[in-house]
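Chain nomenclature is as follows: A, B, C, D and E, assigned in order of appearance, with residue numbering initiated at 1 for each chain independently.
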Amino acid sequence: MSDSNRAAGDMVPGDGRWWRIGRVAGAALLIVVLLALPLYLPGEWLKVGTWMMTGAVGALGLTLLTGQAGQLSLAHGFFLLVGAVSYAVLSGPAGDPTYIGFGLPPVVGLLGAVLISGLAGAAFAPVSGRLRGIYLGVASLALVFLGFWLGRALPAVAGSTSSGRLPQPFSIFGLSVDVSRQLSSLSVFGVPLGRDERTWYLYLLLTAIAYLLAQGAVSGRPGRAWRAVRDNETAATVLGVSVVRVKAGVFAISSAYAGLAGVMTAWWTGIMKPDESEVAGSYGVTVSIAFLAMIVVGGLGSLPGAVLGAALVFGLPVALPLLTQSASADIGSGTAFSPIVITNFAYGALIVLIILFEPSGMAGLGRRLLGPARART
Amino acid sequence: MQTFLQVLINGTGKGAIFALLALGFVIIFKATEVVNFAHGSLALAGGYVVAVLKPMVGWWSAAAAGITAAAVLALVIERLLLARARNASDTSLAILTIGVDVLVLTEVVRRLGTEASPFLGDPYDVKPLTLGDVTVGRSEVVALAVSVVLITAFFAAFRFSPWGVAMRAQSENREAAALMGIRSSRVTASAWAVGGALAGIAVLFLATQDFSGGGLSQATHGVALAAFPAAIIGGLTSPGGAVLGGFVVGLTEAMTAQYVDLDFAKVAVYLVMLLVLVVRPSGLFGRVVQARV
Amino acid sequence: MQTAQRALLTAAVAATLVLTGCSSKAVNNSSGGGSAVKTDVGVTDQTITLGVLTDASGVFKNLGLGITHGNEIWADEVNRAGGICGRKIALVQKDHGYAADKAIPLYGQVKDNVLGLAQLLGSPILAALKKQITDDKMVSVPASWASTNLDTPSVLMVGATYDVEMLNGFSFMQEQGFVHDGDRVGHIYVDSEYGKNGLAGSKAYGAAHNLTVVEAKVTATDTDMTAAITSLKSQGVKAIALTTTPKQTASALTQAKAQGIDVPFIGNNPTFDPVLLSTPAKDSFDKFYFVNGVVPFSADLPAAKDLAAKYAAKYTDTPNVGVDFGYASGLVWQSVLTTACNDKDLTRQGVLNAVAKTKVDTKELAGELDFSKPGQPSSRKSYIAQADATVPGGMKYVKQLFESPEAASYRTPFQH
Amino acid sequence: MSGQTTGRTPGRRDVRPLRVSEVTVRFGGLVAVNRVSFTVEPGSIHALIGPNGAGKSTCFNAISGVCRISSGRITLGDVDLGRTPPHRIAALGVGRAFQNLALSPTSTVFDNVMLGRHALTGGGFLGHGLRAPWLRRAARRHADRVAEICDFLGVARYLHTPAGVLPYGDQKRVDIARALAVEPTLLMLDEPAAGMNASETAEMAALIQDVRDELGVSVLFVEHDMGLVMGIADRVTVLDFGRLIADDVPSVVQRAPEVIAAYLGVDDGQGQPAVKTRAGGGFPGTGGGNGDPATSPRPGRDGRAEPDSREAMG
Amino acid sequence: MLSVRQVSVRYGRSVRALQDVTFEVPDGQIVAVLGSNGAGKSTLLRAISGTLRLHRGALTGGQVVHDGTRIDRMDPAAIVRRGVVQVPEGRQIFTRMTVEENLRAGGLVTPAKRRAAARDRVFALFPQLAERAKQSGAVLSGGEQQMLAIGRALMCEPRVLLLDEPSLGLAPQLVSRIAGIITEINDGGTAVVLVEQNATMALRVAHRAVALEVGELRLSGTADELARSDDVQRLYLGGHAESEAEAAAAAEHRPRRPRLRVWSG
């Protein structure tokens, strides 16, 4: 991260009263829209939304690590896997002959998975602390390969490559996420809250918690320590920051975020199953790179940027096929510009264009657009 | 013993190709500090040109055209995109190359369609040489010879030619080089072109029955990913390290597959890399950057 | 600031409540139409809509396009003949590019519009959707023949499973005198439900005949089998089974030849693709046998030739076994729908009921299929064929459809 | 630990002497600091001077724990700094400003200065993420103090400006504010007047004195501007090639022959004065800047290697 | 003749580094640029050598003209090819190349047939470099590095040589050497722009001088004039206010600082 000093996202509190009011009003409007959406959107679009939120949680973690603390990581996919597997094991039914499970309640499983992922991140700290920049990036890639191998070597834990294991659906106080719309006894304004709607609210809650925690930390003491370590390790040390601890800590936090995103991935895909190749799949190299793309496209270090980046990088590829594949169209031939081909083009081009025209990502764009409003009093 | 020799030869042959890929990767990194995630795509695009032209103009001309195409594509990426994204950080530029990679990969795979994956190694593919009990894929022998020649040529040029001096000067200190009248844009562009050409050469071996077992396809792109650990093991700033790293990766993969576990081979490569990095955080021959107060 | 924030938040929640009052998603139960036949999802008086979730752009696009085109040829044929139950067949096709994250929303998009899935391609996708298709009673034809997927009635598996194929394959090898009881044999398999199911067959056969199975696990995206062959060679295997991708097959055969290991190979159905015969591997197929439940595209059999002619008339993509399979799965659907129609129940439950009593003869394409035994494959018969570039169509049948005693007595994972 | 941290408790300011005794620092085969000893008395202003490469910065780095000492002892009161992890040294009351502005350019001045209070504040990711009320209360108190310190240094109006866009002099002040934010009992300043002109330098001198007078802390500083050094230092330690060559009150140091020789080297006789000079005696000095007082002296009137009188100090 | 005409420079969006700076470097003369840290001296050289962009700076006004041609929009290499060559601040020699290779890198723009002659001249000027030709740049002492940096620039056959703080960090006797060398180079007809903090040395060798203060040109004139100027004395030559009045004026400058109380937790 040789250029991280130009990273976006350091908090610049605005002074303007209207700016503040506008911000609160904007946040309120956003909350209204997000709460109301499940009542209007069809299931597949809710799926797109929950997938974006899954990406957002992971991206928030990575932007803390890479954007705020300046440590490049391509291991996010691995920690997603750790989180997903931990959840599947902790909350999996005990006594299953094929798969190891502890039969813990989903909430405990969720917290446990986040914790275990964080510890896994902390365990990597002796290595991550020694390395910098792209070396750390590629070194962390080793974890993805290790995870790919471990996942398949331990089928009783990670689910067999053959059919995988089912992650326990989330439920709390007898209220389960996994209820079909037809059987749902819970409804709002005549709209029954089925699996997709409930998942949306659960994911919204998790994303909000992840966001607010990150926001509090970034604007407080931990955030200052991260940026200090990013910008000048020696100066940070002299001012009382334990660089080793801060680096290990932020790696652990980022991994915990990834772990949560991993649990969300397992719920979302409905299966816990190791990937078929190290490149493609839910926990592989491509996913790790996608997370990096999210935070760069969003603006390194910026929390709203990470969310927007996730919406783009995770959202676009799943949303475009829904939009472009009309009910009557045939698949066409092998060299056709199929919807997936078009999706990939759009995705690639967007990344190129954003970096070409707004190197500090969507956060930079936001600052440029909102800058004048912020300055006014 | 016979098995060991066979494994050694398998690993060395692969290592030669990884060395070519990693060398190109390192040249690009040295000149521009950009981690080129589109390296696999450069190889793929060059290979596609070979595949298309081969039936029309024959293998030799097609190969030349393919290598040129890969070089030109690299040049275009640098001139058209990277050189214009002036204010972007190195990380952002790396992500930009991911965008390019997605574009090129998607288009080449689309064009390849459902036909049989084209194989590019006509003059040498599937014509094994037998030395006693050991068989050697001719592709591997040719690859090794080509790599040795190219790598030697590269090092000679790097050491003695004005281009090499300019390149080394710029990679060490961009500003000082500019102040010596070295045209940064030319050095950068030529580095990308050379990196691209090396990828274009590597693909002639990547898409063979002997080497990767498959023709030109999406999987070719995946194999090119091995250039990453190879370049890192050697140290991103060291061309010599890249070559060594290539062979380390090739041999580690082959040895692990035979003596530890077939499936563990790829992980082993990364674990070796991790081990190297823990001992030497900038790779075997990489430059250590010291932060100062 | 704090109070303003709270006030706005309260207002926001209130606004949400008001806004949601007029949601369009409130439930409205649709009735099943006026005709005598009971229907629910995906069936109108004019059409029966089936979904196709395939890969037309990713790593399995060759297979995906082949199956889809086979599905289309069948649907066209049915529609030209007046349809089923007085209704035309409509296919809703979705390309997921072999990515589960894309397939999941696409399934959500089609699930309320289709009766069942004429095609569900991709093992990671089937794995991710299996619970949903079971819950939704969505009868689906997977493009995968792993007996581990027979745990749900919604999976309509057309043809013999990989384990059964391997049992038939080894039985053939022994019959030919290539392997003997007590030998060491190698098995290169992809670490996926495909590979593991094939390996289960080898192991079952090995257990019965005291064969030691040396395993070589590879990943789906590997193409270079050099190391696997070197390893198997050094362990002295007498034969090698393959449950691999076509590219891996080609590499394994070429390497075996190059490294001078002169043993016979037996491969599952998906190990072979006719396009391999136009690659440098074409001269390495002489000791390769492959065992299949569905005939290859270029088979020298009347039904297959007929289909090939229809394909050639309409499509430009290089054909493969997927076409025959896609067509055969159409025939199975046809039989199921006809049964359901006769029962006057074209609801999803009705279709599920119909599946359980379906027995269908796909002629040479996949033989006779019996879906009435839950948890068991619809067939335990296979062909043995050899690739041969010198024969027109590149295919030579060594043994016609047969069921080995080992296959017949084999207990699949969910067999009751 | 408690013994050291009591100095941080409210109301009690335990300003202790810093003792550097027989300290040697080696980098590979190179001896950067060679058996150097000096003491910074509580409440004194102590200057550390010497030509470039004399080992001043290494000395600073050794005191603040950034580089390990090979032998010798550095103590603050009775705490051995050499055995204290570097990040704990700030908590012991050592605040340091840097020579080349180690500010986070994209962070606000507030954030930069607040970083100095890292050891004084608490709470980790969860505490701050959850916005724990006690942490928020503490944060407000610390924020007030930061504002106070910035006000003292005259950079309060930039509190919410990214530090990187400030003029050089103000960045320098922010850096010092950050060192003060540590609430040090020993304030270390590395070339505080570097790059400043004479009036700014005078202001800096006043600032340093005010800090000492108002907070009662010790100040140890490295400086090239001899006017500043001789003007405000209670004691001056002079290093040359890693060795200590003088350690005394300014009036003695500026007359010490070794010091004068060290600053001037041996004349090669080529230099011709191109500038008429003003009269003045004593010590070589350069106006503002971190360049060494590298000048071409003429032989002194009394034959001694006397500094070029052009660089006379007032 | 090199003219800097009303040049203004910014870094990023907000940092103003130079404002309306104008001065001329007549052929064959040495012009010293004085100023404290952060005054904009290095920025000025970057504006001339075209390397501003490498530091994310940009010319926001004015022009730089060399022999009647605007060079402020040229890339650094083209400017070097015109004979305007900068020795970068802090030497910046290529430490991973030998002395000889460093000189080769410097001579890449020089026509091949003149390169050997140029190198001979450099070796004549700096005999130490000839002795260490095969050694790595990293092992040179500070003074030798400075010589190599200057020698490397001389390989470009400069007509205007821009020197950024050549005396920085050198022992006094070496500073004199460097001063002598600058004079020698100048005697060969090369104009020199000498940026120096060591005003004494600079004013000794220069014909003319300018002084920058916070990005603006404060003084300019012949070296002698400047050396005599009280401002230069006070600001750059270490002279201090002597009269009561001046001291009082300085005190006036002192901001009234609020008292900083001891932190009570």
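Structural remarks
By our rule, a residue touches a chain if its C-beta (ideal position, glycine included) is under 8 Å from a C-beta of that chain, and two chains touch if they have at least 3 such contacts.
Here the structure is a predicted model, which is why all the values come from computation and not from measurement.
When you average the Cα atoms of each chain and compare centres, the chain farthest from subunit E turns out to be C.
Put simply, the chain farthest from subunit B by mean CA position is D. With A-D and D-E as the two chain pairs, more C-beta contacts join D-E. We define each chain's centre as the mean of its Cα atoms; on that basis subunit A and subunit B are separated by 32 Å.
Subunit A and subunit E, compared by their mean Cα positions, are separated by 50 Å.
Per-chain Cα centroids separate subunit C from subunit D by 75 Å. For subunit A, residues that reach two or more other chains under the stated contact definition are 6-7, 152, 232, 234-235, 238, 277-279, 333-334, 336, 338, 341, 344. Listed for subunit D are residues 66, 98, 102, 164, each touching two or more other chains. Among the residues of subunit B, those in touch with two or more other chains are 87, 110, 113-115, 222, 263, 293. Interface residues of subunit B, counted against subunit A in their complex, comprise 33, 35, 37, 81, 84-85, 87-96, 98-103, 105-107, 110-111, 113-115, 222, 225, 228-229, 232, 236, 263-264, 266-267, 269-271, 273-274, 277-278, 281-283, 286, 289, 291-293. Here subunit E touches subunit B in the complex through residues 49-51, 53-54, 56, 75-77, 80-81, 85-88, 92-97, 101, 104-106, 108-109, 152-153, 155-156, going by the rule given at the top. Within the complex formed with subunit E, the residues of subunit B that make contact are 86-87, 162, 165-166, 168-169, 172-185.
Across the complex, subunit B is touched by residues 57, 59, 61-62, 65, 191, 216-219, 221, 223-228, 230-231, 233-234, 247-248, 250-252, 254-255, 257-260, 275-276, 278-281, 283-284, 317-318 of subunit C.
Listed in rising order, the residues of subunit A touching subunit B in the complex are 1-4, 6-7, 66, 72, 127, 130-132, 134-135, 137-139, 141-142, 145-146, 148-149, 152-153, 232-235, 238, 277-279, 285, 289, 292-293, 296-297, 300, 333-338, 341, 344-345, 347-352, 355-356, 359, 361.
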